[in-house]
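Two complexes are shown next, each including chain A; its partner changes from chain B in the first to chain C in the second.
Then we have the complex of A and B:
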C-alpha cells in the first residue's frame, strides 16, 4: 500500500501492533503466570503447604482409588458424578470429589472437594475457596465478566494480529543478529526500540510458536469448516472419529450396583503396566448407565491428548480406549497443542517457558511505550497532544502498571479475606479488577512521568507485601520455604521480591529523569538528530 | 450568464452528501477497506481453501482434516500480510473473491451439492 514492501510492512507492524497491544499484554501476562498454574494454586492454599508428595506416589494409586470409591459410596451415593484426583508431581494432595446437587436447568452442579493427605490418608484441614492459578489460566483466553465464546473470538483475533505483527516485524528488521547485542541506554525512544528488539529477537522462536499454537488450541471454534466439509455429521462426526473414547451415554434412573473396582483396576494395569494415573471418574454411579473414565499422565511426551479408558460401570467391561499409535498428522497436530500448554515441561523447561513469556510481555510493553514516545518527540514545543496520543498514554499506564498491581491485590486478598465468607473466590477476583479499575481512573486523570513514578512505588510496595503478608498470616515464610526446600512456594515469594526490586529500580530511574528535565530534553534532541541521520 | 457558486449550495441529496464525505476521507476508507480485506476476506478465503484441502488431501479423512486445520493459521496470516503488501485494493478484493469462489465451487462439485 505504501511505496515499497518494506514501508508497507512497517506501517502494518505499527498499526496492527498498536491496535491490540493492551489486550495482548493481558493475554501474555496471564498466560505467563499460567505456566505455573498448579504452583500458584498451591500458594493460594496455605492448608496444603505442608504436604509433600510421597516417594512411592505411583505405587500408592491403586489403594487410593479403592479407598476413594469406598469413601464416595458412603458419602455421596446419590451424586451424579464422582471424581478421584490423584496426586501429581506438581499437586501434592489427593482429592475425592463429588458433584453437588444440580440447580434447576444446570447441567453440572460443581464439585464438592474433599482433600486428603496422600502419605497418611488423613483428611486435611479443608482448603479456602479460591480460584488460584486457574483464574489466570481462564483470564488468559476467556477474559472475565463477558461471554466465553465472544471472549475467545476477541482473543483469537488479537493473537492473529500478534502473529502478523511478528512476521512483519521480522521482515522490517534489517540487522537481526546485530540487534541481539545492542542496547543503547538513555537515548529516548531509541532505547525503547532497542529493548523492543532485544526482547523480540532473543525469544523469537518462542513468540511465533506460542502465538501459532495458541490459535491452534481454539482452532475448532475459529475454523470448523474443514471438519464440517469432510464429515457429513460435521464436527461431532469428526471428534467421534478421532477420539474413540468420545462415547455419549444416556443417563438413566434405574438403580444398579457398581461393578467391583478391583476388576476394573486389573484391566487398567494389564493394558498399561506402570501407568501414572491422574484421574478416576465415575458418571451416574449406582445407576444402570454408570460409566468409569480413567486418565493417565502423558509425562514429558510432546502429546496433549491424555491416554483414556472408558468402562461400563455395571459389568466392568471396557467400552473404549484411546489410540496408542498416532498417525504422523495426529502427532503433528497434537504436538502443536502440547507445545502451547507446556504440561510436558520439567521444572527447568518450565522456567524457560516463563522467562520467554516475560520476554513477550516486555516486547509488547516496549512496543506500545515506543509509539507514544516517538509521537511526543516529534511534536513541536507548543503543540498540544492529540486525543489519540493521550488515549495511548493512558492505556499504557493503566495496563502496564495496573496489571501487576491488580495481581498483587489478588494474592493479598487471598490471604486477608476471612476464610468463611460466601463467594470468597469471586471476591478475590473482584479485588483484582477493582484495583485495576482504580489505576485506570488514576491514569485518566494524568499520565505524566510523575504518575509512572508514583505507581512504580505503589507496585514495589505491593510486591513486597505479598510475601510479607504471607509470612504474617501463614505458618511459613520465604525463609522456612528455603530451609524446607519447598521450591514452588520459595520461587513464588522470590519472584515477588524480584518484581519489587525491578519496580524500585524503575522508580529510581524515573526520579533522576524528573529531577533533571534539562538533561532529558537534551537527550531527546540528540536522539532526534540521530533519527534524522538514520532516515538519511 | 453568471456562474453559480455550485460548491456553496448545501445539497439535500444524501447520496451526493455521502460521496462528498467519502472524498474527504478517502485515506481512512482505504485503510478500512484494506483491514476488512485482510480480516474478513482472509477469513473467508482460508475457510474455503482449507475446506477444499481437507477433501483433496490424499490421506485418511481424519488426518486430512487435522492437517488442513493445522495449516489454517499459516494460510490466514499469509493472506493477511499479502493484503497489506499489494498496492491496489481492487486487485486484492478481486483476487480474494475469485479464488474463494473457485475453491467453493470445487467443494460443491466434489461434494455433489450442485
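Then we have the complex of A and C:
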C-alpha cells in the first residue's frame, strides 16, 4: 500500500509537472523579471536615466499636483482625462498626462505624456516608446498574441498543476531535510535531481505561496458564481460593493468649472496627514460630470488595494473613500494578492523575491531536463528515441535557452531601433518573439549537446551585448552607474554580466563533456546514442 | 542593521542544522560529531531560527514574515554552495557569521 502510494504520487508529480513545465517556466521567468518591472522600464528609457527622486519627495507633492493641474488646464482643456503621476523611489519622473482625442469607434485615445524633472521642474526629453517591464508583467499571466481571458485560464490551469506538483513533490521527497544542503556535482542524473531538490526546497515557502496566491488573484475569474448569484449585475456589482471608489459616472457635455484643487488637497491631507500620494487623476475635466480620483501608496503594508478617494470635480465634495477597516475576508484576499505582486517590497525584499523566482526557474528547468535524461539513460544501446522524447528535448532546448536569448533581443532592440519609428514598443516585442521562434526552429531539427553548447555561447554573447550596446548608444555605462549610485541601472547591467558568466560556465562544461573520451559508461553511451541519432 | 542581525541569526540556524548532520560535520571537521554535539547544534539552531523569526515579526509584522522566508532561502543557498563546493571554508564562513551577529547585535544594543 505504502509503496503503491509513493509510486502513484511520483507518477503524478512527474506527469503533472512535465505537461506544463515549459509554460510554467515562461510564467516564472517573466514573473521573476517583473518583480523589477519599474526598474526594467527605467532602463528601457535612457532619457530618464539621470533622474533621481528628490529627498523631500512627499513634501513636494502638493505643489506638483497644483502645477500639474495648471499645466493640463492650459495644454489640454478639451481632453477627457488628465493624470498626474507623482514620482516614487522606483519611478523618479513626474508625469503630467492627458488622453489624446479618441479615434472613431474607440473607447480610449491613449495617453500623451509630459515628463518633468521633479528636482528642477524642467521638462524632459520625451522618452522612447517602450513597454519595458510591463511587457514581462503582462506576459507572465496574459501571455501574448492570444485572447487575455483564454490566456489567464491557461495560466491558471498551469498554476493548479504546479500546486499539485509541489505538494506531491514534498510527499515523495523522503529525505527533504536530510538532503537540504546536498548537491552532488558531476554525478549525472543524481546531480540534476539534487539541483531540482535544492532549488525546490530552498524556496519552498515562496513556491507554494506564489503559486497559491497566483490562483487567488484570479479567483473571481475562475469562480465567479457566488458573486453572480448574490448580485443582480454579477461580478461588477460585487466589485462596486467592495470598492466604493469604483463609482462610474455618466459623462456629460455640459461645461462646468473645475473645483479649486486646494480645497480637494485640504480634504486629502485632513484624512491622510502623512499620505504618500502616487496618482491624481481627473475624469471629464471642465464638465458637469467631472470626478477627481486620488491614490496613495500602501508602503510596506501587506495590502494591495491602494487607499483611494473620489471627489466631485465641480463642487469638490467627497463622493467615496476606500475603507480603512477591512473585513477578515477582504484582508485575506487583499494580503494574498499583495504577497503575489510584491509591490510592497523594499529593495532587500525585492531581491529576495527575485532570488526565489530564479530558484523556481531552476526547479522547473532541472525537472524537465531530468525527465528526458532519465529516459535516455534507460534506452538500450541501439534503441531509437521516441517522438515524445524528441519533443520534450526540443521543447527543453527551445524554452530554456530560447527565453533568455529572446529577452536579450528585446533589450538590444530597445537600444538599436530608431527612436522615432512608429509602433516602436510593438517592434521590441516582435524582436523577442522572432528570436524565440528562431531558437524553436533550430531546436526542431537538432537538440543534442552540441546545440546546447552553441546556444550557451550565443546566450553569453547576447547577455554581454546588452550592457555593451547600452554603453555605446547612451551616455551611461555600468561604470558610470556605479560611480553615480544609480543602483537600479547598475544592477540591471550587472545581472546581464552575471548571466553571461553563467552561460560561459555552462558552455565550458558542455565542451568538456563533448570532448571527453567515449568510455563505455552508461552516461557516455547515452551521449553516443544521441550523436548516432543525429547523424542518422 | 536589524536586517543584518535577522539574517545572521537565520544563517547561523541553518548552519547549525547542517552541522548537526553526520555527513556535513565530517566534511568540515573530518571527524564524527558526538550525539551530544549534534543535540547542541540542533538546540542552537532552533533557538537561533526562532529568534530570527521573532525579530522579523516584531520589527516588520506581516512584512517580516516575508523577509524571513527570503532569509531562509538565501541562507540555504549559501550553505548549499559552501557545503557542496567549498566545505573547508565553512569554518571561516561560520566565524564571519558569528562576527556579523555580534557586531549587529552590539550596534542595536548600543544605539
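Note that in this section the second predicted complex is superposed on the first by the 510 of 536 C-alpha atoms of A that agree within 3 Å, B and C clash if a C-alpha of one lies under 4 Å from a C-alpha of the other, contacts with A are read in each partner's own complex, and residues count from 1 in each chain.
Everything that follows uses one rule, which is that contacts are C-beta pairs under 8 Å (C-beta built on N, C-alpha and C of every residue); 3 or more make two chains touch, one makes a residue touch a chain.
On a predicted model such as this, the values are computed, not experimentally measured, just so you know.
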Answer with clash or fit: chain B and chain C placed together on chain A by superposition.
fit
So, A:74: does it touch chain B (first), chain C (second), both, or neither?
neither
Touching partner for A:167 - first (chain B), second (chain C), both, neither:
first
A:254 in the overlay: touching chain B, chain C, both, or neither? Say first, second, both or neither.
neither
Partner chain in contact with A:202 - chain B first, chain C second, else both or neither
second
On chain A, which partner's contacts cover more residues, chain B's or chain C's?
B
Once the structures are superposed on A, label A:353 by its partner contacts, choosing first (chain B), second (chain C), both or neither.
second
Overlay on chain A, chain C to chain B nearest C-alpha distance, Å:
18
Interface residues of chain A shared between complexes with chain B and chain C
none
With touch defined as at the start, can you tell me which chain A residues reach chain B in the complex?
1, 5, 8-9, 11-12, 157, 160, 163-164, 167-168, 212, 215-216, 219-220, 222-223, 225-231, 238, 241-242, 327, 329-330, 332-333, 336
Under the stated contact criterion, what part of chain A meets chain C in this complex?
178, 180-185, 198, 201-203, 205-206, 209, 300-302, 335, 339, 344-345, 348-349, 352-353, 355-356, 359
Within their complex, state which residues of chain C touch chain A.
3, 14, 17-18, 21, 23-24, 60-63, 66-67, 69-74, 76-77, 79-80, 83-85
What residues of chain B sit close enough to touch chain A in their complex?
30, 34, 39, 46-48, 50-55, 59-70, 72-74, 76-77, 80-81, 84-87, 107, 111
